Amino acid sequence: MTIRFGVIGTGAIGREHIRRISQTLSGGEIVAVTDVNQEAAKQVVEQFKLDASVYPDDKSLVAAENVDAVLVTSWGPAHEQSVLAAIEEGKYVFCEKPLAVTAEGCMNIVEAEMKHGKRLVQVGFMRRYDSGYVQLKEAIDNNFIGEPLMIRCAHRNPEVAENYSTDMAVTDTLIHEIDVLHWLINDDYKSVQVVFPKKTKHALDHLQDPQIFTIETESGVSINAEVFVNCKYGYDIQCEVIGEEGIVKLPEFPSIVMRKDAKLSTNVLMDWKDRFIEAYDKEIQDFIDSVRETGEPNGPTAWDGYIAAVTSDACVKAQQTGEKEAIVLKERPAFYSKNTECKTV
Amino acid sequence: MTIRFGVIGTGAIGREHIRRISQTLSGGEIVAVTDVNQEAAKQVVEQFKLDASVYPDDKSLVAAENVDAVLVTSWGPAHEQSVLAAIEEGKYVFCEKPLAVTAEGCMNIVEAEMKHGKRLVQVGFMRRYDSGYVQLKEAIDNNFIGEPLMIRCAHRNPEVAENYSTDMAVTDTLIHEIDVLHWLINDDYKSVQVVFPKKTKHALDHLQDPQIFTIETESGVSINAEVFVNCKYGYDIQCEVIGEEGIVKLPEFPSIVMRKDAKLSTNVLMDWKDRFIEAYDKEIQDFIDSVRETGEPNGPTAWDGYIAAVTSDACVKAQQTGEKEAIVLKERPAFYSKNTECKTV
Amino acid sequence: MTIRFGVIGTGAIGREHIRRISQTLSGGEIVAVTDVNQEAAKQVVEQFKLDASVYPDDKSLVAAENVDAVLVTSWGPAHEQSVLAAIEEGKYVFCEKPLAVTAEGCMNIVEAEMKHGKRLVQVGFMRRYDSGYVQLKEAIDNNFIGEPLMIRCAHRNPEVAENYSTDMAVTDTLIHEIDVLHWLINDDYKSVQVVFPKKTKHALDHLQDPQIFTIETESGVSINAEVFVNCKYGYDIQCEVIGEEGIVKLPEFPSIVMRKDAKLSTNVLMDWKDRFIEAYDKEIQDFIDSVRETGEPNGPTAWDGYIAAVTSDACVKAQQTGEKEAIVLKERPAFYSKNTECKTV
Amino acid sequence: MTIRFGVIGTGAIGREHIRRISQTLSGGEIVAVTDVNQEAAKQVVEQFKLDASVYPDDKSLVAAENVDAVLVTSWGPAHEQSVLAAIEEGKYVFCEKPLAVTAEGCMNIVEAEMKHGKRLVQVGFMRRYDSGYVQLKEAIDNNFIGEPLMIRCAHRNPEVAENYSTDMAVTDTLIHEIDVLHWLINDDYKSVQVVFPKKTKHALDHLQDPQIFTIETESGVSINAEVFVNCKYGYDIQCEVIGEEGIVKLPEFPSIVMRKDAKLSTNVLMDWKDRFIEAYDKEIQDFIDSVRETGEPNGPTAWDGYIAAVTSDACVKAQQTGEKEAIVLKERPAFYSKNTECKTV
């Protein structure tokens, strides 16, 4: 059984996933597309030589009989409506982050999915499929470091566009750490406080950069998360988990080792798109494979999307108040209590 | 256009490629299989739920109208006949190493392909698709280290099966270095000499292990290649190219970094199958994509298969004589002279 | 001119410095010793075959005509009196940390030294002589990373004795970071806040372990300093300075690289005494050389001792209150304003 | 007891050792100097403010009553005579490499020392005192890697002076590997063969560079030693010992870790003098301490000097013949059979 995808939103990430499904992965095909810009949708069909219909809107696409799964890659504020429409039709959904732009929106989706009675939704948090994070998770789950006590991580970009604002350090950048870290240590967040260190001269006036988030979890783990989006030197994702018996840390991105000009060096990526390219492939392949094999997606759930939204709100509030802000989640429904490991190498 | 594959030989590597094409890669499908053990071929069709016919022999499979490309994964001595049959029918061929068990057999294929008039054959040397080797090649081609002067490499296995013999250090193990190194530095081999260092106690009586091959190229590069197949500690592929301006070296296989028990450590693979898993995916995907897009495969050619056969023969002779043995290649036909870069990330 | 030392306090660290001066370094000799335990002082003279007189107390030792410099290695509460006595006599002093157990005590010394009119006192903060920190300092002073914005550091011990208490995480452990970091970035501390992450099961009931100190400097640099004294895996000192243009980090302690048992590893020290052994040698040699060549010691000053005391007090208070505590220093006297670089390789 | 040194030869290395003994190390002093250039000898006395007499020649210096030990740092061809004179007088000798310029000269010294009846001579092979080699030796002696089977090493300089000739790759460069490797694996050399790879354009016409020496030991260990003295990128000493159970390798020279300009890097030394600076200190300190404590030096012996001379001769011959040349040592006298470990950290 090939999974027949309908794609809502044919911008950059939409086209990237279309290319992925039609040219790289196995077991999926694109049969429907829509975009607020209908012309753009038609061009994509041509560009990728798709055998796909262009629909006028998300509702009609979702309702199309030959659509098995919906890929939501429109702009954030439109996600909630499209995901709810898909659930209404009982269609599988792979929704890029954010699941919805508000915690309430995420809860609407959670409730709709629970009402439907089985998992349909996967949120596009690809880091759980990165081989480095997977190795970290295995080590932690295998008790290699004992109880985790602290996490140090950093999310660094060489530079950002002019429109990048202080809150986007949370909603666009830290959001990936927010999703991956609670999954990594099987814990929930409790509070967050933000420190603004001395600002780099490379940041524009309106932007606070770098920022340091101190996040506390329910079990007491202290997370120190640096966001630094004008670090100049490279795109660099660091994560180190310090436990009672030892420490595990993400590998550096693999690079040839060079000796030249009085330096022993490896390359650091400059473009974030190169960093998780395999994780993107694996997350969609896993979505396809899980739906085909088990009838449910296997990756980050709607509940994970809700956690991200609540935590993200608290982090932005903490940016504004300078105080320690509580991260208050509703009780996790039994529906989402099963261990949702991703199946990767 | 989907590339429809016929598979000759459904042993371990055959099944692995069938799984790859049917479940992981994009743009190919399995439509025909054959094996000297017909029952095995039938089981494979069931196991992978293939929509594929089982043929009594390679000739009938190759002749099947719906077969676009042939995957030769039978045992080595049968390769030549199957590849020649495919060329005869004008079918594309992806042939696992060796292309043929003799240099003469390889030349027969080279001549058949040239007579046919365009490239049909790709040999399964996957290392050219490994991201580490690709980075090395880019650095060298971009003149980052100036002229290459020396190469140091090692091919280490933790252990080998009882039937592994001294000459298999060349034909099963060093063969991968033989293919990838001349590609890496755009050079041809000229001579080889073998040294047998002190033998490890972990090798069986009949096996010389480790072995060191000193290979000289036409341009004067000196290659020091260690084969050590009972090294106990891991499966480890090392390659370092020393040039006039600097040195480039393969990355270690990416692993989380651990601090525990008075050690700072990373994991070394124990199973060779984990090392080149992405390279295997990429080589077949590249074969599919190139055939679809350009009408010709893009990877290692029949001529590369011939180079491997001649060099391999000289290495085995050098094992026996202890002398420096010449590696004498025929002149490279213009047909194979174009730069055959592989298209990879 | 050989520097003739009188040693006050012949406990472990006293004997270690006696051995160092008499057997390893150049230009110094031990001519006088005293200890509250006179018998111990006599034994040390014998043990090291010193040509040294045993004095009944610090005052008489300091007054001895043939004593050029005093080494204060008694217990902390006795330091202030001995150092003041030495200054009174115009003798040079090398005083192990702490300079005095209160900020007031340190100020007494500062004032006495200023009254004397030239530098006599060096405090035993050896990290400034560690080749890793020296390299960091050079990189920062040479503007290699632009303005420092953040520091991440960790001070980890495998385990501590039963009597190690929560405040000793500051006074015995963090004290070294307190001295070295402001020197490293040429800055002063402004505030500190402490977080107690989940406690390791390896810590005794009375001890909070690990602890994280967030220290802010006058210029806005944010320092994240972890103290973890039951980390089990090793004695590990980490320090990373993140600047506008790049990052510099301490080297790992140099170790052979091992490949064995599926691991690529280096050794982590288990004993803190091995970590700064060369720095200890260099700090005393530099004290000797500077006094001989310039007539003044060149290392950490009495003012640095005062900074350490004030900062240490604030850190302990922050442990107790959980609040952000101010670090309030008096204005730096011009006497101490000259750049006091240590002269090391 | 202070060891009173007489120094024969006040060139660069002589002055360096004079500075070391008078300003850095403990337990030695310079009481006599001589040089073929008497004026130079006098200047050195002034420069270092030595309380030392200037002697007209080596014989008179050696005979001076207040000289306990002789430091031979004249040019190579003069070493033999000075060392023999010292032995004749029963004085200790620290002789820079070479012990003598011919194997016969070395044997003369060996025989004179044996006739004298106890060890007086230490040869200045400092690598045995380098902490990296010491760690390698400990790992090998502790059977961490089982039986050594192969060694790979490299000795690389960024560039050399115009007068550096092809044979100096042995006598000035490889000579250090020659001494340290047999000590490292407790073995003796048996044969050597040389390969000249493609020559770097950075070498002058008269110089073959790089060169690769394949040395076989009595027990069958195969050593692959690269000498590359115009490698441009740095001064780099590599050594890796491959055993039955694992591999140990020298650490890189410790450097801060930098992230800048899309590179993760450490510094490689450019100046050889920085590489073994601590080893030089340790070898002389060990000479002083051993003579004081045991009445005999403890480092490389006259016999080690003989081994170096014989091996060096064979290597130079192998450069000329291109053939495998035997390394033929006389039988090791019982006098030198005791295990001469160096006592280092």
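Per-chain numbering from 1; labels A, B, C and D assigned in written order.
Here is the rule we go by: contacts are C-beta pairs under 8 Å (C-beta built on N, C-alpha and C of every residue); 3 or more make two chains touch, one makes a residue touch a chain.
These figures come from a predicted structure and were not determined experimentally.
Visitor: Identify the chains in contact with chain C as well as chain D, in label order.
Guide: Chains in contact with chain C as well as chain D: A, B.
Visitor: Comparing centres built from CA atoms, which chain ends up most distant from chain C?
Guide: The most remote chain is B.
Visitor: Would you kindly tell me how far, in whole Å, the mean C-alpha position of chain C lies from that of chain B?
Guide: Here chain B and chain C have centroids separated by 58 Å.
Visitor: Can you work out the whole-Å distance between the CA centroids of chain A and chain C?
Guide: Roughly 45 Å, centre to centre.
Visitor: Would you mind pulling out the distance in Å between where the CA atoms of chain A average out and where those of chain B do?
Guide: 37
Visitor: Please list all residues of chain D that touch 2 or more other chains.
Guide: Answer for chain D, listing residues that touch two or more other chains: 232-233, 245-247, 252, 255, 259-261, 266.
Visitor: Quick one: in the complex, what on chain C touches chain A?
Guide: 146-150, 152, 195, 197-202, 210, 212, 214, 216, 219-222, 224, 226, 228, 231-233, 242, 244-247
Visitor: Which bits of chain B are touching chain A when the two form their complex?
Guide: Against chain A, chain B makes touches at 22-27, 131-132, 135-136, 139, 144-145, 245-261, 266-267, 277-278, 285, 289, 345.
Visitor: With touch defined as at the start, can you tell me which chain D residues reach chain A in the complex?
Guide: 232-234, 236, 252, 255, 259-270
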